[in-house]
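The block underneath contains the structure these notes are about, expressed in structure tokens.
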Amino acid sequence: MADNDIIEAPSYEDTISLLKAKFGDKLVFRTSTKKNNRAINQKRRIFLSTDRETIYPLCEYLHGKLNYEQATSVCGVDWVDHLQVVYHITNYFTAVMVEIEVDVPNDDPHIASVTPIWGGANWHERETYELFGIIFDGHPKLERLLTPQSYEFYPFRKSYKLRGQE
Amino acid sequence: MDMSLYPHAVAMSADEFMTWSSAMINEMLSAGTKKTVDNLTGPIWAWAMRNSMHPLHFGLACCAIEMAAASAPKYDAERVGMIYRSSPRQTDVLLINGWISKKIRPDIRRLYEQIPGPKWVVAMGECAISGGPWYDSYNIVQGLDQIVPVDVYIPGCPIKPDAMIDGFMLLQKKIDAYFKRGVFMED
Amino acid sequence: MTEKMNADKMWVTMGPQHPFSHGLWTLRVKVDGEIVVDAEPEVGYLHRGWEKECEQRTYAKIIPMADRLCYSASMTWSHLYCKAAEEALDIEVPERAQYMRVIADEICRIQSHLMWLAAVGTDLGNLTVFLWALREREFFLDLNVRLCGQRLTTNYPRIGGVRSDMPYYFERDCMRAVEHFEKTLWEIIGLTDESSIFVSRMKGIGYITRKDVANLGITGPAMRGCGVDYDVRRDDPYDAYDQLTFEVPVLKEGDTYSRYMVRIEELFQSCELIRQAMKKLESIPKTAPYRVKVPRCVPAGTTCAKIEDPRGESIMYLVSDGSERPYRLKVRSPVFVNVSASKNMVVGNRIADIPAIMAMIDMCLGETDR
Amino acid sequence: MPYNSILNWIVFTDPMQNGYYPYSVYNLPYDIGLKLWELLGGLIAWLINLLVPGNCVSTWLVCDQVANVFAIILMVVVIFAVGFIINLTMIWEERKVLGRMMDRRATKIGPLGYFQCLADGLKTFMKENIAPKKADKKIYWWALALVIGVSVLVACMVPLSGRWFIADYGTGLLIIFGLFALAPFLILCAGWAQNNKYSLIGGLRAAELMISYEIPMLLLLTGVILMTGSFNINDIVNAQYENTWYIIPQFLGFIVFLICAIAESERVPFDLSEAEAELVEGWQTEYAGMKWGLIMLGDYFRGYVACALVVIMYLGGWMLPYFGSTPVPELVFIAKVFLVFFIFVWARAALPRVRTDQILNIGWKILMPLAVVNLAIVIALRMGGVF
């Protein structure tokens, strides 16, 4: 098999072994302890975390080589001491979903945009930008989407308190 | 008003004319002309208006689905003369059926101003009445009455189509009262 | 100079108050005569910070909030939330509850698709389709009322099961409604599919290729109308869906008509699913539990639940920190992604096609803006 | 004058005996107008004569010339009033039939819901009169007035029977067609003047629509004219009574004309200029209050004319086969109009709206050849001596 061939339906094991071979110790695989979850028992979820330098080549590899066609979701989490971006990426042929966690420091919230790879990530990244203030480098139009343009705060950060919140 | 009866009115400035004409109207009011005309024509206008309420075709949220269901065969809101028009110019009732975010707030105000008077506003559902379940949200206006005057509140989350028709029948009573007060020479 | 050369093109803002939008969003289109040359969707008019508000509610309190995410498919959303919480708690739902959830989900799917069919009717200028579809929808809303007391926002699923057992004779009523519906759906199809004007309005517009549809993240019937053979119910089964046999309709054309056909076929499949689930439910004793008790607090960790919404693939990503409130609850709404791809669908078509193309997304802004 | 009895002043005369009678045949609305004036004018003349006996004004009021003038004015009022009532009934018919077809009861205001459109109309008189600030005011008002005026005029031009007409021209049908075709042009003007993008597109669509069905329509008219040998409506109707209704030899033409008539009156499935789904309210988006009410009235007047044309050209007008002219031919005519309008409403309930390029395709690739085929059939029949 040539290097640039697309593997149309890489199985759960194939995906893990290929990713390990390609990226080595830059990826940290996690296993779930859940007993009753059917999707995990039947090997349809891969959990891994990486750093923000690796995310763009990783996504390119997932899309170009392993045929993970769809960026199902991109979302942010505010862990107070740092921010986190979580990607969910799906392959339609095997229904395997990869969950990638990437940590972003508070003082420098920059990360590479995956919109050039998956057009579907466009609005997810815009939304994450406006709600968390994470800046996606290389995004074609990083503007506020849901909230009015005049807003200057990032409402989903834990430092922003709602009415009635202590 | 027949201007030939008041030749001096022609030489007035606009401000003078305004004060003078309002004085004239007050005079006519005290003379009972207005009352007579109102008593004669009021019931006709009230009948026409209350049987032909055209709400704005404007779906916001959950209650919009029930608004559609109200015109469905089971409830059939056309029986009371309700037809949804899409252009605010041709409507009488602004029916707000959902929560109002800060982004839509100026548009709702503008729609209200585009409706030619006499106009009525109906707040449908908890969100339009008081913000409803989004009481602590950072992006929701807590109640429609903060931006436009509201005539009828229809509570429910979401309200049922029969409750909505009932709300419009309440509005009919309000329209009756409005025309009983009299509209002759109001503008 | 370029300004002058483009003077014959103009931007038309369709929305937020526009009869085609079926909700509150704006599609700005640049038209050259009648042909659309550029488009730009804009959402956010219903944004209320749902996810942020959930961080203040306890787990049980979020169920009615989830109902109000998408008002015409509220059952699937509260189901999805309960599923996310159950996966975080790592518990298994009793079998009886699983089947009841399937039935409730499919009733919800049918009434949601009927709302969509009604919207298609008005978008193409045929009011009869609108009213007949709503007439049929009332039967399923009545079933909702029997099952949970509300027409739209049902508040039926619970973490660890469902709220209550089925009422007496629900089975009989449900089967009656389904059998009646399978007949009357053909009446509505007689107004749509068998009308050559309708078919000529739908065919050949809004093309999107299989490659694009995957890349843009479009899911649900819109995706299956473009040749992607993927349905969460079958490929990533949840609840009792792996015990039931059903077909996933897939069409290869990729135009508006194939998306329409997929949804119509799904209506028949949902009827079939309800029938099968009812039959399986008969073999489970009525005294079997329909709910398990769950702890108040959820252990720390992350979980990700998936479900097939009537509009596409919905995901809830739940981060819990061991307290009685979620730390973060992310909602992946199918319409949010589908509408972002609207530019690819409408460019090159006519203004008159925009309602027809957009109707196939089945807009529901409550879940889009959250 | 020496006598003062009211009966001496109110004298009902035969209109044909009036020296200034404008028509050559009996005209019922003129008769009604004349009788009304003889009643009204006689009363006034009698009153004046009571105050000032033997004055000249009283005799002047009841003389032939003055009676003729007032009779014509009242005749126009009568014709308009009847047209208005027909119009209201058509709106009522549409809403009721549409409601029943959609499985609901529709209007319930007044007896059988008949007063609903009256309430709608009266309400628009109460509404505030607003015009957009940046609209071209002159054209905004004039185009509107002309749209309504042309619609009402063309509706009044349609004769209800051999004795109910406003003018008995030799080219009656052609004038109606000419006036009918004016409306889309005025709609284009009105759409442009509102300074609204939706109404502009709606106006453009009206023009686009017109070029697609106007020519087949005139070709069909040619078929009817060739069969009759006259433009006169009376002649066309009589010729159909003597031979057969033209729907039988020209069934193809009837179907094509029905489609064209629906398009001409801008009703579903051809209501492109007010396509609600994409253009809000189309070319009437910015017309508020009473203006909009009158536009709706004008729309239905045009719908009435379209139905009336179908009845005149293909369904034998006010004549019935075997019976000929009934005692009240007007009612026969109106009943036929309502029947044709029922088909219009049926089409509205059953069909979705077509697209702009599709209407051009239908007009030029289907309706036009069919109209030519119809014309060929007519010529063949004519040459063969059947008609």
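As written, the chains take the letters A, B, C and D, and residue 1 is the first residue of each chain.
Basically, a contact is a pair of C-beta atoms (placed from the backbone, for glycine too) under 8 Å apart; a residue touches a chain by one contact, two chains touch by 3 or more.
Keep in mind that what you see is a predicted model, and the values were worked out from it rather than measured.
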Tell me, which chains sit next to both chain A and chain C?
-> B
Dist(centroid_CA(chain A), centroid_CA(chain B)) in Å evaluates to 50
Using mean CA coordinates as chain centres, what's the chain B-chain C distance in Å?
-> 35
Chain C touches at least 2 other chains through residues 18-19, 44, 47, 49, 52-53, 56, 131, 135, 369
By residue number and range, which residues of chain B touch two or more other chains?
-> 72-73, 86, 103, 136-139
For chain A, residue numbers touching 2 or more other chains are 147-148, 155, 162, 164-165
All chain pairs that touch each other = A-B, A-C, B-C, B-D, C-D
Any idea which chain B residues touch chain A in the complex?
-> 102-103, 135-139
Could you pull out which chain C residues touch chain B in their complex?
-> 16-19, 22-24, 44-49, 52-53, 56, 64-65, 68, 71-72, 115, 118, 130-131, 134-135, 137-138, 141, 151-153, 365-366, 369
Contacting residues of chain B [partner chain C, same complex] | 56-62, 64-66, 68-69, 71-74, 86, 88, 98-99, 101, 103-104, 107, 111, 133-134, 136-140, 157-158, 160
Residues of chain C that touch chain D when the two form their complex | 10, 12, 14, 18-20, 31, 33-34, 121-129, 131-132, 135, 191-192, 195, 197-198, 200-201, 350-355
What residues on chain A touch chain C, complex-wise?
-> 33-39, 44-45, 69-73, 75, 77-78, 86, 88, 92, 95, 97, 99, 118-124, 127, 144-148, 155-156, 162, 164-165
